[in-house]
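Supplied in structure tokens, the structure appears directly below.
Every chain is named by a letter (A, B, C, D and E) in the order it is written, and numbering of its residues begins at 1.
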């Protein structure tokens, strides 16, 4: 038993330079990326990066696997598209409307789903999202298979013309980076600490006096809202919202992104989204059967690289250090 | 011939019966899922793919080997079981100790791979498969014309379901399996060959999907996508019944088939989502499902 | 079985005499992943003997039992049971060779009822106790026989874990801290059960923190530290060793 | 740099049979038949799999046009993807030759001057079948309709044709998409006493419904079954046993005359014996005519200019009869009412249809009178 | 027998009953696990709950902390009827428990384990916008707690890497972080080595000065040493109560629970 006095051992949490550096690097990369890549492609990537990061907030840090995130993504996309096309509001309001819709959906689906854990949770979210899919299929405002198409992106705050590719690019890049910072902050906050505790040992967290259900719901809704933001940006970018974004396959894809990148890591979703979107693009003209390749990738990841790319690298580094 | 007889309760009773037939498929599939989940703690997302595989196996047996429906009814599930067992032995096994989510994700990938593969080699429009000679036509059962084949489906599925239930609940095998899911090393240390048992169980669960596939082949299109549409509903059925509850899966399967059938008469717009609505309600009132033991 | 006929004196066992050890462990090493937990354990258990492994928390007692049983895959050295090596025997055949295991964490199955838990391990040889006898010893279990295993209280789970093995007819039982969490009356009863086992010729390899309990029933002691056996003595040498044990175990 | 023709299709999903590889082959045949050179440059066919995702499809189309000198995007199944791509081709003024997508919206509000919707649209199929059957004496109609925009439109279009021809719709039932069991709907349709049960849904649903109708002995009892949207591959999928006597409308059937047989034989040879669908023939015809028009216009970059030239051209061939391109992008040509043969009538694997009647283009397609396309001058 | 001469017998003076239960009953189906139990727990005293296995001790814990709903009976904490509350609210009112099977946050460091507990009373659990560094002001308190259970020099280890006995110590530190007014410990000493047992017993005694403490324990030596009030349960009912000397002299208790165990310590 130690006889040392507590004072001598108190160590303040060191402010790690890594996240700040990561974000700086990200901003730098985003500044020069359009010079090398197709801006539209980069923007699409950013939308999915945000999607995956929002999803990871839930899976990676709260331990809840949602199989229904497409509902928030696609739902927000529909609302944003509808707002732009029919209500003809400015883009920032359209996006806000989309996010609000995702939050409401998140509250509804979350309230039911958090009553169970683990796979039950996964299957309930899947089923609820599927319900939403059928709603979108049948609701007249979504135009069925055609989707909501052909609207102008409008002017941000009434001033900046988002139909200009580079304006749009900087807008989307800024929103994405800010959201990633926000997610990082949530995860590394006192609140995030409680989420971790819940993931580790739920009964114990309850016995410490935390209303676990509320924390879970809060995390779920945050994740849903940020996912909605990603969906709204995507609708703005492509100027359409279709059923593909609410289909359960989309929920599967975001899981795959997070898994490939590394569950519960900061950079994982970025890398994972990059790989998956890049792969889809490559496969589109490769002549290979896409679903087979995706399915195979999924299996290989689960069997061999459960930590994901970033996770495996981190693990290697940690081992090196001993 | 094809009008509905008996004017008083015709449509309704007819629908009830038809719901029961649908329920047969739900029951068979959710039973397989429940067996695999209850005993291996794997959410078999590939279950729909195995169902499809069963139908395709029947079709291939007919077209490449000249083996008809009755032969296929035994051989096709066997083939599916073997495929399942190979997958379990070589891959799935590695995931037992891990979080259940990995099993779900792995089988999700497997489903994509299988369906993608069949789509690639057999196209998407599907293959025709005829009901056996003996079961064609329809019988007048008083209030409706019941296609013979559908009658057969109900009977066959009932037999299979009850048989499975009896095996699992009434024999030692069930106890071994349930124990093995909790602590397989210990059960092994007691002298039970758990790896073999798990392989066989997964094979058996897949075979149940295979049986459903063969039964479905003459009713629906034999197509690579036939399972992926069904699987999510079946998931909901299993959640409603209470995951892992064998009896729950069976009863809920039939029940939901009937509910869905009735919904098609009274409010067809909602027929697609009625199962999910019921699921949400059940979860709000009884989080463990209708037959689930609270965990 | 009643309390009166259980108080038979322990069968004396000839150690180092002509008899061959029933369990012979030599240079047993074991690893948890990368971490080396056992550094060469040597020990013997003779037929009918009760042998106790002593040692502080974390020295590798449990690991020794698990390595003998083959539950830990990564191991090296030699384990012979009744003159046959069991190092390469698959886990599910070990029990059939006549070896039973009661784990530290009890291993009660939540999804099985008490009775199902009790009848789960296959009977591997004749000579095990009947269910009726078991219920007689542990009336608690009889009362709760229909309820799910983990709904039992901690102590009832411990009883069930031990009772389960008594049925199977194994000839050597590896028993890990059987008295943890048990009421003193039950501890006593378990002591009696172990003595009865001895009269039936069943040997026991016991891991125990409750030194007082162990000293009443064991024939032979091994003391472990840092993954090795550092001392060994018989029950008759016990009084002479008490001093040394106190420093080694902090008793 | 060669001119590139981008076949943007579904190589892995549910439209694979209908379009997919067959469309690629058809486009290649057209390029070869044309001589492989356009305005002195080579022509290349490139392929993209949009995986039925509009974002992938539109990104692909955009990069193709910007970076790969693609002058025409061809085929594009799945109407949401086609709509998204049409936005791109309109912006970039690139030719868009639609063959698989059949949404009428493509030539209505969303129409584009650089688009030609070549093969079919939902209106033409529904209308053709509706009118022809009603005129043939089947007056009372009952619909089994898939419950979303597409199905509603199909039902409305058909209803219009039926009533115009003197028939009446006596009932309809809506079913969710991807239904696995149609028996309740079939029972209701059966009980209605209609002459025709019309399936206003598409591929998977239609096939399942047909299969189950046979179980309930619908046609044996004298009711007719009409598919509002059926392709050759669908009929092959369910088999003649089940599809027999079904009436439907198509833009093309391989076994109509020597010209169709000749082209189809060449196609089959490259496709391992498979028969072309109307989509495949349409892809060939659209690419071929596009190349001719580009040659005539003297340039390929501006899609609308090429279409302009095409409007002035005779675009008749084995696929197109009495055909012309309208300003809303619709290619108007004759359609055909066919009946699916009984198994006993079919002499070979691909022998599926009996052509009952020709529907003149003007009747088959919606007239411009009520067009919502802004390009239509009124 | 007791180390604390200040501890008054229950009837003398006015010991404040912080937590009291009346007529507590829990039935699982037909089986009655706890039957009509009355319990008063006073500030500054250790109340030991003993009894044979399956007597219902853990169940009483679960009822008091609301992890189970009582079938019948009333529970009053500090004058508030808490019978219908949920476990988290009860914990917020200052009643905290440990678990019979140890419960730590395995993947978090010991420091974080304790800080999680400290966050709530410091209102630092919902702040999702603040940096983790803001939690550093809890460090001193957390380290003091770890030091009390002898884990201070392992503060940066992950809880998973601890041996069994140390996990239990950590759990107690976490529990103490909430400065509970009522503390319930379920077999806190089970599985601990001898020297840890002694240390922990001392700690429990110290802690009990500032709260009301209920403890389930089979280690009779410890119960005898530090227990102020003893309640013996059998088959869900109270068999005996009083101080250790009274209780251990009761022949029914000896028969049902202690057996021939000598209390020669």
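One rule holds for everything that comes next: a residue touches a chain if its C-beta (ideal position, glycine included) is under 8 Å from a C-beta of that chain, and two chains touch if they have at least 3 such contacts.
If you want to know which protein each chain is, UniProt gives these names: A, B = Branched-chain amino acid ABC transporter permease; C, E = ABC transporter ATP-binding protein.
Treat the numbers as computed from the prediction; the structure is a model and nothing was measured.
Colleague: When you check each chain against chain D and chain E, which touch both of them?
Modeller: Chains that touch both chain D and chain E, as defined above, are A.
Colleague: Counting one step for each move to a touching chain, how far apart are chain A and chain C?
Modeller: Contact-graph shortest path, chain A to chain C, evaluates to 2.
Colleague: Just the number, please: Cα centre separation of chain B and chain E in whole Å.
Modeller: Roughly 49 Å separates the two chain centres.
Colleague: Chain A to chain B: how many Å between their CA centres?
Modeller: Distance between chain centres: 33 Å.
Colleague: Using mean CA coordinates as chain centres, what's the gap between chain A and chain E in Å?
Modeller: The separation of the two C-alpha centroids amounts to 42 Å.
Colleague: Once you find the CA centre of chain A and the CA centre of chain D, what distance in Å lies between them?
Modeller: Chain A and chain D have C-alpha centres separated by 38 Å.
Colleague: Tell me, which residues of chain A touch at least two other chains?
Modeller: 134, 138, 289-292
Colleague: Give me the residues of chain D that touch two or more other chains.
Modeller: In chain D, residues 12-13, 147, 176-177 touch at least two other chains, as defined above.
Colleague: Quick check: what residues of chain C touch more than one other chain, meaning two or more?
Modeller: none
Colleague: What are all the chain pairs that meet the touch criterion?
Modeller: Every touching chain pair, ordered by label, is A-B, A-D, A-E, B-C, B-D, C-E.
Colleague: If you look only at chain B, which of its residues touch chain D in the complex?
Modeller: Chain B reaches chain D through residues 1-4, 11, 14-15, 18, 21-22, 25, 116, 119-120, 123-128, 130-131, 137-138, 144-145, 147, 149-150, 219-221, 223, 225-226, 229-230, 261, 264-265, 268-269, 271-272.
Colleague: Mind pulling up the chain A residues that touch chain E in the complex?
Modeller: Within the complex, chain A contacts chain E at residues 1-2, 4-7, 9-13, 15, 185-186, 188-194, 196-197, 200-201, 203-212, 215, 218, 222.
Colleague: For chain E, which residues count as touching chain A in their complex?
Modeller: Counting only chain E, the residues touching chain A are 65, 67, 86-89, 91-92, 96-97, 99, 103-108, 112, 115-117, 119-120, 124-136, 139-140, 143-144, 146-147, 150-153, 155-156, 174, 178, 199.
Colleague: Which bits of chain D are touching chain B when the two form their complex?
Modeller: Touch residues, chain D against chain B: 12-18, 147, 173-181, 183-185, 187-188, 190-191, 203-204, 207-208, 211-212, 215-218, 220-221, 233-234, 236-239, 241-242.
Colleague: Enumerate the contact residues on chain C facing chain B in the complex.
Modeller: 69-71, 90-96, 101, 103, 107, 109-112, 116-117, 119-122, 124, 148, 168
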